[in-house]
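Shared between the two complexes below is subunit A, which has subunit B as its partner in the first and subunit C in the second.
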Partner chain A sequence: MEPIIKVEDLTHIYPTGQVVAVKDISLEINPGEIVGVIGQNGSGKTTLVKHFIGLLKPTSGKVIVNGKDTAPLRVQQIAANVGYVYQNPNHQLFARTVREELAFGPRNLDLPEDEVNARVEQAVEFFHLEELLELHPYRISFPLRKLVGMASVYTMRPAVFILDEPTTGQDNITTQTVYRLIKKLRDEGSTVLCVAHDMILLAEVVDRMLVLRDGDLIMDATPREVFSDYEIMSSTHLTPPQITTLSLRLNGKFGAFDAAVLSIDEMVSEVQKFSNK
Partner chain B sequence: MQGVVIPISMVPGDSIIHRINPLPKLAWAFGVLVISFATRNPLILSTLFVVGVILILVAQVGNAYLKVAMILFPISLTLIVLQSIAPAFPKPWTPIVSVGPFTIFQEGIYSGISMLLRIFAMTTWAMLMIMTSHPSDIFTSLQKIGMPYVLNFILTMTLQLLPILQNEFAVVLNAQKSRAMKGSGFGAILPSMVPVFVGAIERVQQLSISLESRAFGSSGHKTSYRRVRMTFWDILLIVLGIVFTAGMTYWIIVDKSLDWSETMVFHPAFAIGLVVFATLGFLAFVVIALRNVLQA
Partner chain C sequence: MSESKPIIEFKDVTFWYGQNETEPALKNINLTIHEGDYVALLGLNGAGKTTLQLCINGVVPNNILGNFEGQVIVDGKDTLETPVREMAKIVGMVFDNPEFQLSQMSVGEEIALGMESLGYSYEEMVETIDEVLDIVGLPGLTERSPFGLSGGQQQRLSIASALAMRPKILVMDEPTSNVDPIGKEEIFQVAYELNRERNMTVIMAEHEVEVMAQYATLVVVMHEGEIVLQGTPEEVFSNVDLLKSLGLRMPQVAAFGNELEKLGIMNLNGQYPVKLSQAVETYGRLFEKKAG
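Let's look at the complex of A and B:
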C-alpha cells in the first residue's frame, strides 16, 4: 500500500533563533491508520504535524503527502486532502457565525450548495451544535469552540485528519465527542493523527504511537509497547493510563497478564482469564 | 510571515549611542521634532536628517533603519504630489506649469520638499532613539522624571499592540489557508481583517481584566527590574539638547531670511520630473507591497 504521508529525513529549524524543533525524522503513515503523537511540551509534536498540511516547510528533508512533495505546494492546495484542527481554537476560527465557520471549508472545495448545507447539518448533529449555529465563535465557551474547530474541518471530509490536543481543556461530555469523532473517522477509513497528552484517549483509540523527545523520534510502536517501555516513558516524563500502570505492576509481581492492559474492559477480561487459570 | 513584520523596535547593540541614557536621546529627538516643525528651511531640515543618519550609522542600526525608511519614503512621496498641486501655504500661489486640470505651484514644490525632509529629520532621530534604547528603560526613565504610571503604561501597551496585530493577522490568514481558502489577491486578504480586529478587541478586554485582577491602579511607588543610571554626560547632553533646540528655534523665528519660499525658484522641468518621480515611486511601492503581502 502506498503511504499517505511519507517523511524523509525531516529537519525543521525555526527562523527566529537556532532552535532545532525536529531533527532528522523519517516515517511513513498508511491510509486508514490512527496514529498518536506524544512527547513533552516543546518536543516538536506540533512542528511535525504542521508539516503535513504545509503550514511549515522542511528546513531540510522531504514531506510527501498523497504522493506529492509539499515543498512547492501552497497550504490551500494541500488543505483539500489534509484537515488540521488547531490546538488553540482561537487560531482557527474567524467567521462571524458558527454556521459560516462550518461552511467555509466545503465551499472552498467547490461543492454544490446543497452538499455544503448537508455537510453542515451532519456536523451540527454529530457535534451537537444546534444551539450555537447563529452565534459568534468567540462568544461560546472554550470547549465548545474547540468542537466547532473540529466540526469546521470535519465538513471538509479530508483524507487525513490531524487533531492537535483535542481533549485539552474539555469536560467529560465534550471528551466523549472527541472519542466518537475519532472512532467515526476510523470507520470512514480516514487517516487520523492525534497529538495529545491524554494517554487514556490514545490508549483507547490509536493503533500506533510516535514518541518525540527534544525533536527526535525516539519510538514508533503500538501503545501497548510504548506504555510497557519504562525507560522511554520516564525519559519523556509521560505517564501511562493508571489502568496500564496497574497491569504492569501486577505483571511485575505476579506475572498476571500476557501484556500491558490498555482499558478497563481489557482489564476485566484479563482478570477473568487469570482467575480461570 | 516574517516578511510582513515592520521592525520598529530595539536593535540590541553596544555602541556609544546604545549606552547613553534614554532621557538625553528623548530630549534630542523631541528637540529635533520642535525644530522641524518650526522651520521649512530645506538646509536646516536636511542637515538634521544627515546628522541623524550619521548617528544611525554610528549606532550600527543602519539595516533596521533602512527597512523602515524603505516603507516610509514612498509613502511620504505622496506629500510631494499632493503639496505641489495644493500647497499648505498662504495664497497667492505662483504657478510653475499646468498639466491638464492640474497646476504645479512654486510654493507647492517648496512645501512638498520641506515636508518630506521634515518627516525624515524627525523619524530618523526618533528611530535612533527607539532602536538604541530598551523600551522598559525609556519608560522607567520617563517615570523618574514624573510621568504618571498610567499614561506610561498606555504608551507601552500601544507600542506592543502593533506586533500583536501583525501576528494575529498571520494567524487568521493561516487558519483560512488551512481550510483551502480560495483565490488570492486583495479580495482574499480583506475577509481576514474582520477577525483580526475582533481578536484585537477581545485581547484588549482580556488584558483589562487581567490588569485589574493584578491590582493595576493601586497606589504606591513602583520599582523596576531594570535600573537606569544618569551620568554627568547624560545630564550635559540633555542641557545641550535643550540649549540647541531653544537656540535654533530662536534663530528660526528671528531670522526671516531663512524662509526660502520666494528665493528658491524651481525650473518647470524639475518640478514635473519631481512630481512624476514621486507618483511613480509611490505606485511602485503599492504594487510591490501588495505582492509581498499576498505571497506571504
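Let's look at the complex of A and C:
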C-alpha cells in the first residue's frame, strides 16, 4: 500500500529563532490509520502536523501527502484532501451562522447544491447541531463551537483528517461524540491524525502513537507498547488511563496478564482468562 | 471533615440569568462545605457548575444580575450584603483560560493588581509576591512577562494572584482544561498542597474524575442546575446507574468493579474502589487467591 503521508528527514526551524521545532523526523502513515500524536507543549506535535496541510514548509527534508510533495503547493491545493480542525475554533470559524459555516467547505469544492445540503444535514444529525444552525458560531459555548469546527471539516470529507486536541474542555457527552466521529471516519476509510493528551482517546480509539519530545520522534508504536513503557511515560509526564495503570501494578505484583490492558472491557476479559487458568 | 466548621452554606438558592429565562441556572441548591474540604464539582457543560462557583464570591448576583432567591453564607458573610471586593479577600477565583486573566507586563505586577485595590503598602506587596510565587512553585519569576510562561505556569500565576489576597477559599473552574500534561500535574499538585498543608478550602470544577476521586473529600454532582448527588468519592461513585443516566463518567477502577459484580466474578456490595491504591488492594484479592 502506498502511504498517504510520507515524511523524509523533516526538520523545521522557525524563522524567528534558533529553536529546532522538529528534528530529522521520518515516518509513513498508511491510508485508514488512526494515529495519535503526543508530547508536551513545545515538543513539536503541532509543528509536525501543520506540515501535512502545508501551513508550514520543511526547512529541510520532504513531506509527501497523497503522492505530492507539499513544498510547492499552497494550502488551498492541499485542503481538498487534508482537513485541519484547530484546537481553538476561533482560529477557524468565520461565517455568520453555523449553517453557513458547515456549507462553506463543500460549496468551495464546487459540489452541487443538493450534495452540499445533504452533507450539512448529515453533519447536523451526527453532531446534534439542530438547535444551533441559525446562530452565530460565537454565540454558542466554546465546547460546542469546537464541535462545529469538526463538523465544518467533516462536510468536506477529506481523505486525511487532522484533529488538534479535540476533547479539551469537552464533557463526557461531547467527548463521546468526538470518539464516535473518529470511529466513523475509520469506517469510512479516512486517515486520522489526532494531537491529544486525552489518554482514554489514545488508549481506546487510536491504532498507533507518535511520541515527540523536544522536536524528536522518540517512539512510534501501538498505545499498548507506549503505555507499557515506563521510561517514555514518565519522561514525557504522561499518565496512562487509570485502568491501564491498575493492570500494570497488578502485573508487577502477580504477573497476572500478558500485557497492559487499554480498557475496562479488556481488563474484564483478562480477569476471566486468569480465573480460568 | 465533619469536625471543622461550615465555611460555605447555600440555602435554597435558585437563580435565573435573566427576567425572561424560563429555566433557572441554579435550582434549589442546598450545600454545606466545611473548612478544609476539597470539593469536586462534576457535571456536564451547562449543568450550572460555573454559576454555582460565581455565587461563592458574590459575583452572582451582585455583578451578574438576575433573579436570585435564597442565601449564600461564606465565612459568616451573606453574599447579598457584602461587596464583591470584600468577598475577594475570602474567595480566590481561577478560571479555565489563564490568558483571559492575565493583563500585566510582569508577573509581579500581575500579582500586585489585586492587592493594590486593597491598599497594601509597597513593602507588604513585595513580600507577598515573593511568598505566593514560592507557594505555587514559581520563585524568582517576578520580572518575567506572564505571556512568556507555559500554560501550566500561567495558571499557577493565576493561583498566586488569588493567594495574594489571603483567601480562605480557592474556587477553580476547570483550571487544567487548556494546559498540557506537565501543567495539569503542576496545578493539581499546587491545589492539593494548599488544601493539605494550609487547610485551604478548594472547590474545583473538573472533568477528570480519576484525579478528583484521588483528592476530593466531597464530590458534588450537578445536572440541569440541580445538585443530584453529594458525598465522599466512594459514596458518589457507587451510584453507577444514576451517573450513567446523566452521561457522566466514573473512575475506571470503579466502573471495572461494577462490571465484575454484574458478571458475578466479585461481590463488592455496590462499594467500588475509586483510587488506584484501593483498586490494587481490592482487585489483588482476585489474584492472591489463585496464587495461594
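Assume the second predicted complex is superposed on the first by the 277 of 277 C-alpha atoms of A that agree within 3 Å, B and C clash if a C-alpha of one lies under 4 Å from a C-alpha of the other, contacts with A are read in each partner's own complex, and residues count from 1 in each chain.
By definition in this document, a contact is a pair of C-beta atoms (placed from the backbone, for glycine too) under 8 Å apart; a residue touches a chain by one contact, two chains touch by 3 or more.
Because the structure is a prediction, the values reported are computed rather than measured.
Of the two partner chains, subunit B is the only one touched by A:Asn108; subunit C is not.
Once the two complexes are laid over each other on the shared chain, residue contacts for A:Pro15 go to subunit B alone; subunit C is not touched. After overlaying the two complexes on the shared chain, residue contacts for A:Asn41 are found with subunit C alone; subunit B is out of touch. Touch criterion met: A:His237 reaches subunit C, while subunit B stays clear of it. Contact residues of subunit B toward subunit A in the complex are 2, 171-172, 174-182, 191-192, 194-195, 198-199, 202.
Those residues of subunit A whose C-beta lies close enough to touch subunit B in the complex are 15-16, 53, 55, 74-77, 79-80, 83-84, 86, 90-96, 104-105, 107-110, 136, 138, 152-153, 156.
On subunit A, the positions that touch subunit C within their shared complex are 40-42, 141, 143, 168-175, 197, 236-239, 241-243, 245-246, 249-250, 253-254, 256, 264, 267-268, 271-272, 274-275, 277.
Within the complex formed with subunit A, the residues of subunit C that make contact are 43-46, 96, 150-151, 174, 177-185, 207, 210, 247-249, 251-253, 255-256, 259-260, 263, 265, 276, 279-280, 283-284, 286-288, 290-291.
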